[in-house]
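Across the two complexes that follow, subunit A remains constant while its partner is subunit B and subsequently subunit C.
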Partner chain A sequence: MSHTHRARRHLSAGMIHAILLSYTLLALWPIFLVIINSFKSRKAIFRDPLALPNETSFSLIGFEKVLINSDFLLYFSNSLIVTVTALIISILIGAMAAWALSEYDFKGNTLLGLYLAIGIMIPIRLGSVSILNLVVSLDLANTLTALILVYIAQALPLIIFILSEFMRQIPTDLKEAARCDGVSEYKIFFQIILPLSRPALGTVAVFSMVPIWNDLWFPLILAPGEETRTITLGVQQFIGQYVTDWNSVLASLTLAILPILLLYLIFSRQLIRGITAGAVK
Partner chain B sequence: MASIQLKTIKKSFGPVDVLKGIDIDIKDGEFVAFVGPSGCGKSTLLRLIAGLESITEGDLLIDETRMNDLSPKERGIAMVFQSYALYPHMSVYKNMAFGLSVAKKDKAQIKERVMNAARILQLEEYLDRYPRQLSGGQRQRVAIGRAIVRNPKVFLFDEPLSNLDAALRADMRVELARLHGDLKSTMIYVTHDQIEAMTLADKIVVLYDGMLQQVGTPLELYHQPANLFVAGFIGSPKMNLIKGKVIARDESGITLDIPHLKLGPVQFADAQRLEPGDDITLGIRPNDFSDKGGQAGELSGSVLLAERLGNETVVSIKAGDQIWTATIDGLNPVRLGDEITVTFDPQSIHLFDKDGKALERLNLSSLIHETLK
Partner chain C sequence: MTRNQSHIWIFLAPAVLIYSIFMIYPLLDSIRLSFYDQSETGDLSFAGLVNYVALFGDPNWSEPFWNALINNFKFFAMHMLVQNPIGLLLAAILSLPKLSGRGSYRTLIFMPTMLSVVIIGFIWQLILSPLWGVAEGLMWNVGLGDYYNAWLGEEGSALITLSLISVWQFVGIPMMLIYAALLNVPEDLTEAALIDGAGHWSIFWRIKFPLILPTIAMVSILTFVANFNAFDLIYAVKGTLAGPNFSTDIMGSFFYRTFFGFQLQLGSPTMGATVATMMFLVILIGVMGYLLLIQRRLTRYSL
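Up next, the complex of A and B:
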């Protein structure tokens, strides 16, 4: 009885792992292709796109072109500045809004919470035209500030939604103990609530960061100038109507993966904790 | 050090009146326990004193100063929560020091106060640990330490021991009593555990349904409960409360009609309140019964249940359709279904009029009389 039961459990665990593993392979496959081909010469890319680089096909020409002959480092730092600044500001503002919504009873609390959460369902791109108008009339076209502002608006709804749900679960006694201790509301927020929200902060950081880093749309319409291009937009210059410089495209994509991977590794420890938080007491 | 006055304190949550006018006078250095069943408003009352809830009506005075509109930190109170409410991301030392460091106290002074509290509570070796690495009793000591370091005028305890197991609870009770002896601060203690209230408190406040039932010393509450609720709430096993009628009243006392109970005329200080024919409730504590005989009151019936606790045996006695509880000698070989007769001193009974208000007993011992005054 218990034998068959255990066997069945093993089998279903094996099935789950097989499915997850095949999905992982599927998801990693394009990234793998990008990386191996970025280390190959142009001819080798076309001759056999699936082959690993060997002595004859190995070439760093793509990286050379990208790093030496183009403004790759500028695009790179633009992307980094935009992503990190937007992330920090949106998480800070979002956490404060979430705290206010979850902790304080005021008129229109629920309504305000709903209003702020609507942004999760309505894509910000629907407002592209008015955003462009606004940015132009504010004289912010072709600045990183324009991008940062838009990305903050884009990230806020989800951040507020997730964080306010999380903060509601922080025991009331803790806040009241702090109030009895004579701790001000700001100190309660910064020194107790924020540190305790770390798992949720990691989660929202990852969820907000990836779309910002990968976005092509807003850089294209709001900041297409040479000085303000982000990496995703910068890569486009290698893709021509007639000729695509695959070496450069693949090399810059490979390089573009690195920082996001790094940030992900930093946040993921929190993310995994965030997903499993509350599962076990 | 502080005295506290509550003057007709009322609290409503929307249409629900949780507290319906509470008057309490707490003297400087007193240990006061609020007891009552859950939902009676005792925790709400504590939170009103702490400043965590607003007072709907009435005045709260600490040291003669009105506190209604002041924030918790301005009231000079410290509160210990049932769930300990330790900051999970801070070490024991930081937990205790946090309140002081946000108040911008001098580092050396903070250290001195924390070390002092740690010494009192025997937490010195745990200062670097985190709350999750501590046992329940240690966590509760840290929570108390966090209150001590702030040197508050008033300590508020919200069921601080109810998350601990029985043995630890007994230990912590002793520690709390010692702490009150050392610090001599005013302490208010909310509990539903009457043993904690009886052993720790100078004065017990019994609350029920948002109203004050009785305020008094532990012995006063035990020997002269003001009404039926207090009589049933204080004392374990519960007092027997049996309905009956007044048959006659004369110089020798009141004669009662209680089925299956042999009882002569009994005397009460305010017996003239009762008239023949009045409905009354009679109360006898189970441990006022004895199986040794030789007392004027008598109850006979069959044994329904015998719980042997060793030092005594708690028996349920069925007499007619009434069930009485009595504690008898632990070695009495009584068995289920046996007929038993237990006796009691007629002076030990309590009597409540039809509104549930107690009659004043005579012949309470001088010790109790002293605490009563």
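Up next, the complex of A and C:
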């Protein structure tokens, strides 16, 4: 009896791994397929798409073409500037606001918290017509500044929500001791609270970074010019133009995928811990 | 608390200002613009409900509008019927006790979610392309070659195919959120049931599932908002025209076309604002419904 029971357990453990493995395969092979084919010659891409590149089929022609025919490095650095600047500013001012909401008793505190939470559910894209008018009237059309400002506004609601939940749990004795010593409220925030919030800051950084980096909508309507193109828009436009050149298409996709893949593998632990710690409820 | 309170406002001011100027003001101003008309010279004049009358009454507007709205509900239905059940299943499996390799599975299955929708759209376009023949070749290998079709190009299947591509990319989100909720189910509850001889299957449905209903409701509303705001995938794979014959047009792509124009039709900011306001209403109704009905009814189950 116990024998068959154990056998059944093993069987079901095997089944479980089979399900998980097949799903993992389903999730990864399309990405893998694009990456391996970007390192092959045109002939090999069509002759045997599923094969790994070997000595005869290996080719970097796609990458050469992408780097010659498009300003990939410029797109990449545009995306980097926009994402990093928007992240740093939104996290800093978001943390300040979260601290004010979670620490101080003032009139309208709850109301202001609700006001700032509207943006968690209502997508900023719905205001696009007026955002474009606003950006044009501020003379910011086709600038990275316009993207940065919009992305700060987009990221703030969730950052403030998560950080204020976190900051409410910081023990009071630390700040009360500092207050008794006459330390200013600014110093308490920047020298005690901010460093203590580092794990939560990491989580909100990853959450906010992904939608900014990947966005197509705002680069398309606010900054479509060649000089300000982000990587997502750049890839979209490049592929639209070179759609029949398979080497170029595959290489440009690979160039867009690899940095994210690398970053993800480095930060995945932090990201997943952030989600599973119940940071988003 | 009688001390000078200026620091509170200094902490709050930058965030409140940027958020109000670039998020709240544009949302309200868009609603305002939907009641205006713009002449060819760009002058705005108050027009009352004229734009809405056109959107619902003029077949040139109302047909594409209803088409996009219905397509968007189909897009959402595919996510609810496929993405969230698969996410739930994966989360349930991942939260089984004594599972080895849990972390690696989680990390790898979540990976496509991190990539840009544009990239995912192009990847699947290549794979499904009859020119490259990868999907077709794989189907022949398993004996299903006769069933292959250029799904993305057919009016009857393009929208479903795009929905499934989106499902494939985002299944990691419900998986993670539900998994996190399952981790919070107290172990003594499930252990007591195990000792009483219950299997994992019945423990999941009888004990864990009712406890994570609030999370499933939250996943549903997040899916709803994201789906009714989607645009990038349609634009990347199908362009502004959301072809074939507008069969993949959803609210986001309809909004874009209305705002910026296409082919012979000029773009109209005020009609664009009208479409955006309708999207706002749809999303608002969904969110309100969630907050009022589901949340209230479900809280008594939550821990």
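One rule holds for everything that comes next: the second predicted complex is superposed on the first by the 219 of 281 C-alpha atoms of A that agree within 3 Å, B and C clash if a C-alpha of one lies under 4 Å from a C-alpha of the other, contacts with A are read in each partner's own complex, and residues count from 1 in each chain.
The definition used in the following text is that a residue touches a chain if its C-beta (ideal position, glycine included) is under 8 Å from a C-beta of that chain, and two chains touch if they have at least 3 such contacts.
Source: prediction; values computed, not measured.
Engineer: With both structures placed on chain A, which of the two partners, subunit B or subunit C, ends up touching more residues of subunit A?
Structural biologist: Higher number of touched subunit A residues: C.
Engineer: Contact-wise, after the overlay, does A:Leu149 reach subunit B, subunit C, both or neither (first, second, both, neither)?
Structural biologist: A:Leu149 contacts subunit C only, not subunit B.
Engineer: Between subunit B (first) and subunit C (second), which, if any, makes contact with A:Thr232: first, second, both or neither?
Structural biologist: second
Engineer: Just to be sure I read the superposition right, which of the two partners does A:Ala27 touch: subunit B = first, subunit C = second, or both, or neither?
Structural biologist: A:Ala27 contacts subunit C only, not subunit B.
Engineer: Using the touch definition from the top, say if A:Leu116 reaches subunit B (first), subunit C (second), both or neither.
Structural biologist: So A:Leu116 only meets subunit C here.
Engineer: Contact-wise, after the overlay, does A:Leu74 reach subunit B, subunit C, both or neither (first, second, both, neither)?
Structural biologist: neither
Engineer: Quick check on the superposed pair: does A:Ala141 touch subunit B, subunit C, both, or neither? Answer first, second, both or neither.
Structural biologist: neither
Engineer: Just to be sure I read the superposition right, which of the two partners does A:Val84 touch: subunit B = first, subunit C = second, or both, or neither?
Structural biologist: After superposing on A, A:Val84 lies clear of both subunit B and subunit C.
Engineer: For subunit A, which residues belong to both interfaces, subunit B and subunit C?
Structural biologist: 184
Engineer: Under the stated contact criterion, what part of subunit A meets subunit C in this complex?
Structural biologist: Residues of subunit A touching subunit C: 16-17, 19-20, 23-24, 26-28, 30-31, 33-34, 45-46, 49-50, 93-94, 96-97, 99-101, 104-106, 112, 115-116, 118-119, 121-134, 149-150, 152-154, 156-157, 160, 184-186, 189, 210, 213-217, 220-221, 232, 235-236, 239, 246, 249-250, 253, 256-257, 260-261, 264-265, 268-269, 272, 275-278, 280-281.
Engineer: Could you pull out which subunit B residues touch subunit A in their complex?
Structural biologist: It is residues 50-52, 71-73, 77-79, 81-83, 85-89, 98-99, 102-103, 143, 146, 150, 156 of subunit B that touch subunit A.
Engineer: Please output the residues of subunit C touching subunit A within their complex, sorted ascending.
Structural biologist: 1, 5, 7-8, 11-12, 14-16, 18-19, 21-27, 29-30, 33, 90, 93-94, 96, 99, 101, 103, 105-112, 114-119, 122-124, 126-127, 132-134, 137, 168, 171-172, 176-177, 179-180, 183-184, 218, 221, 225, 229, 231-232, 235-236, 252, 255, 259-260, 269, 272-273, 276-277, 279-280, 283-284, 287
Engineer: If you look only at subunit A, which of its residues touch subunit B in the complex?
Structural biologist: Interface residues on subunit A, with respect to subunit B: 171, 173-174, 176-184, 187, 191-192, 195-196.
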